[in-house]
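There are two complexes below, and they share chain A, which is joined by chain B in the first and by chain C in the second.
Let's look at the complex of A and B:
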């Protein structure tokens, strides 16, 4: 089978690479999820992060400044989200969607205003992030070296963040408070923990990681910005967050699944499958995973549907039967 | 966290004879006066009970003391020092601790994490779980509150959750502990254990303030009783000088009887027959296990048990709100488990639900609309498919008189009424449906004593009229007053049946805790 040749070190490397941005944004969302906020605005935060990272990089000529600009922009969006949702108690889904739409529209019109183009920004002096070369990796691991060597910095940040977050939730006071505020706000309130403050902090931490994820998209492997370049990764992160409940290890597992699907579809393209079909692969995986994970509660839903249908039928028949 | 100066001075003042003193405290919510010129003093080292009907202002007063509310007038003296209690942190610093009626524990955290939440022990900036477990174990042993510090709270029973709440208060250095209706969620045995703990506290020089409306407990455990009525202070007296009847008179302002209601022999025909009934709860776990019993006409059958042992599921299955997973419930030869809610009601069920605001009434609608519900298609309220609102209003006027509903009139909005009056609206509607079977869930939950008596009268009247009545209640006293037979539920099973005339609460309490009487060591596994 020729197709088996797909499964090699390169595929794993591609998986790790594709996992990184979605992992970063999903870990960001873990803060808000744990704090009891359903944050559907990840997509928009990531998108402005990507756009302003490119902008910063062009203006300053430095990738690092670019990343900082991207993060700052995402933080502004996260702050707006927190002000509306936490302080003004607006509906989080409505606010999240509104900010996503704003991010999409804003990046397009800014692109037009600044560069006079539509579609994408390429070249124009964008400085991408360098690839990290770990000394001695090649000698030690030989052909396996690409597994740990030669990624852009955000990939390392994403994967190192996972164990850090595990410790954060388990052993630090802020992590504990974020969990308490999400799980039992009245307990937090009774103990003098400010729910508002904790939720603000969680929203901003989320913006930080979403901004890094965005910068990785536009300054990582490809140094360009295209319209809607986050292409649903923020929403996939939301899906992962729903079934992982924000737990970092489960988030990692979910992201690896999507990363793999992404990498796999890229590799499949070389085999001449129709590209639109292939591009749908990650989304099909998302649907299947969600279905499989909610399968346990499925019998109940089916049973309840049957139940209500049976009741409906029995009501219609009953007067004739019993007569009472 | 925040140490404000008044609290510091209070602590420095050293021991005083009086632990807590309230002088002329008044609290208004708009036009409503919750506390009016209340003065009371609590001596160090006593168990001080505060009793009163619902809405008498007990909880408001304690919330003021603990800094959750600010008084409009009056002052608070803690340990001999006048203190402005601006927030709970001030109260905690002054050595006060409060165990609320509704627990505030985080289910996914361990016992120790919950005890130290907000004051974590840290080492190198990280939470030191081991030290917290150690400290919790130490506290638990010192005060005789048995808990496993490493267990997750979600796995524990309500009785143990309460111990954790008390430990939380102790860990913060409380010397005066306020408990708001602590026994409402406990079995009689758990209550007794709690009382022992409280006696241990006062023996060690601590002070306990205890809000309750269970007079037996007040008699049993307290040294001094303060009675509040309609927000005003009625009396503060040593418990030993009072009888139960005295307390009720002071609480209600008149004599009320809670003796077992007199009755003649029962024994009508079987109206409801439940056979091997099983049901699952919302988490899809078995909650009702193999229940079988009958209810005859002219008979009141009581279901006793600690809340959450399958009573809710039983009531929901019988009223068609929850599917049964197995078994049958025959009401006059129709199996309720196969019928829709409306068909069940047509067959002859009247249902007084346990949560009256959710399933009993539409709070934002008027009394007359609420009384109309379920009969809106029948004459004389509906003529040729058009509602006759005058007929509905007439009905409401009549019901308000007959059931003594205290309201401004038939168009009064239901949620404005007190708990007892809302319950009377539900009873008025359900008890006038000519249904043969009455399912009454928690008839007097949150209802004050005066209204309790009239609700009990009404249930007895239904019995005399030959109805079959199933009363589910977490208040054992109520069942001892009303029921001809009492079935005790534990963990979804019916543990046994006790005759109402010869029932003793000790035996029922054992069954409520899952023990078979006479075989106490044989615990029923879950």
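Let's look at the complex of A and C:
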């Protein structure tokens, strides 16, 4: 019976709550994925977003200003990424990883310089995001009300962004441009679309959502900043983007899986399972999903073409081959 | 040759640009850049013990850097060196405390097990990479988190030293990697690292296998048409890279800590990757860059006490170095616009 009590409204609510930050950052990454950029720098953008959101919140005493600061910082990182990757054509993996490392080192250095502490920023007048109360929800849904009521605004933003993005990619000019640039850059060039400009816009839109995700991390349900608090969520988002190919609905499905894994593992912790193993669950889920889905979507045709070409060539080179 | 010289000067310019940017950041956090750099120098090379400390920090960075070089040369981004380091470190410690063996043999077996642990840990991402094209960057990064948590779990829940906290029992003295000098924990690991760097450099330059690995790394299609089994080779490259990563962890355990502790070698895997990138994938160059990063790391210990800057400022500088190198590489290459092809070339 105890196991049954794991599954209830509270678990669903926790799932939605845990899904929000990773959904936001993954939706941000969908812009760059669709535009044909492999953006491993999401992690760092999220982290600076979280840090500067706390900083802004302390300085201004307003959560909204905090969010704006977080977004601004993430945008700066996104811009740096775009300049190096799009304009200088630097390797996106190298730049992304370096920006992540920069984000980690910078936030810790700044924390020491500003607050004189290591580890985390707690209290000090951080103003968290308010909880949204939808009028009448309690009367209408009774005990199910927490499903739509009482989340921080960022949770609603994340879930509302999903259908918006579907429409964006299907119906708007910019959405189509982003897809063309990602799927067929030559066609985009022929149509007179500036690849550079579209990729810059996609990177900045990505930074915007990654910043919101970071702000939600540090100002949402816990109002604090700790070293490397994004703890790999940006990388999980990249894993989701790889197997969803940036499509918003598939991103949502993947993120709900992670939100559930997160919420469920927190539950398990209260049942006395070793916390180290439970903390590993979301990463294992990410890895399993990545491996399982890449197994399904292997580029069969390309592989077979390559294989047959290789055979053809090796037949032609038979005499040379046997000499080896 | 002049081409090589030009590339080398490019790296130096990149380092200087990054140091200048670092200086600006240091000024922003209200500290004098000159004081910080002098403290770093003093902390890295101030006296005999400091120099030995720098070399001690250099060792794991160098070996992890070699691991990264092997991957980069073969066109594989092994970002999971950190995880392989932890697994190797734990495996070596386990052999060290749980398996009494004669002196001499013990340390060799422990290192061999560390090597196997590192290779085994990367084998799953490697398999999916070559068989189904699963992006190895993401899978190896994610496996880092699992490796750190798994080794912590093993240490704290299964192999905790009685009375201790988050560390295994100490390894037996027969498994110690001998120290080089009496005044420091500097050990044979450094020699192993240097020999390994020379060997890998020789391997890539003078053997047919090494040549074919480099060919796959720089021009996979060409190599495939040339009849190289790209998948098999890619798998072996990642395995070798992971094995060296495991070795780094084993040496750290057997030579320095003589036990496995939670968080025993934070960041060495990433430092190694950065050192390899800065050295353009050359193992010999990695000796130089690893020494540079080892000096920064050792010097940074003094920063915490002597200045207002935190030691993570060197992480910032390292990241800036890689960013400016990556920008430079492309500035030089803007002429031949191979649009869309944005791989790091070696």
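The definition used in the following text is that the second predicted complex is superposed on the first by the 295 of 324 C-alpha atoms of A that agree within 3 Å, B and C clash if a C-alpha of one lies under 4 Å from a C-alpha of the other, contacts with A are read in each partner's own complex, and residues count from 1 in each chain.
Operating definition for what follows: a contact is a pair of C-beta atoms (placed from the backbone, for glycine too) under 8 Å apart; a residue touches a chain by one contact, two chains touch by 3 or more.
Here the structure is a predicted model, which means the values were calculated and not measured.
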* Asked: Is A:173 contacted by the first partner chain B, the second partner chain C, both or neither?
  -> first
* To do: Based on the superposed arrangement, let me know which partner A:34 touches: chain B (first), chain C (second), both, or neither?
  => neither
* To do: Identify the partner contact of A:105: answer first if only chain B is touched, second if only chain C is, both if each is, neither if none is.
  => second
* Structure fact -> Chosen between chain B and chain C, the partner touching more chain A residues is C
* On chain A, the residue positions that both chain B and chain C contact, one per complex -> 310, 314
* **Parts of chain C lying in touch with chain A, wherever the complex brings them together** => 25, 29-31, 77, 79, 124, 128, 131-135, 137-139, 141-143, 145-146, 149-150, 152-153, 156-157, 224-225, 227, 270, 273-274, 277, 308-310, 312-316, 318-320, 322-323, 326-327, 329-331, 333-334, 337, 339-340, 342-344
* **chain A residues within the chain B interface of the complex** => 167, 170-173, 176, 179-180, 183-184, 186-187, 190-193, 297, 300, 303-304, 307, 310-312, 314-315, 318, 322, 324
* Taking the complex as given, what residues does chain A use to touch chain C? -> 38, 40, 80, 84-85, 88-95, 97-99, 101-102, 104-106, 108-114, 118, 185, 231-232, 235-236, 238-239, 242, 274, 276-277, 279-280, 283-284, 286-287, 290-291, 294-295, 298-299, 306, 309-310, 313-314, 317, 321
* **List of chain B residues in touch with chain A within their complex** => 1, 87-89, 100, 102, 104-109, 113-114, 117-118, 120, 122, 125-127, 129, 284, 320, 323, 334, 338-340, 342-343, 346-347
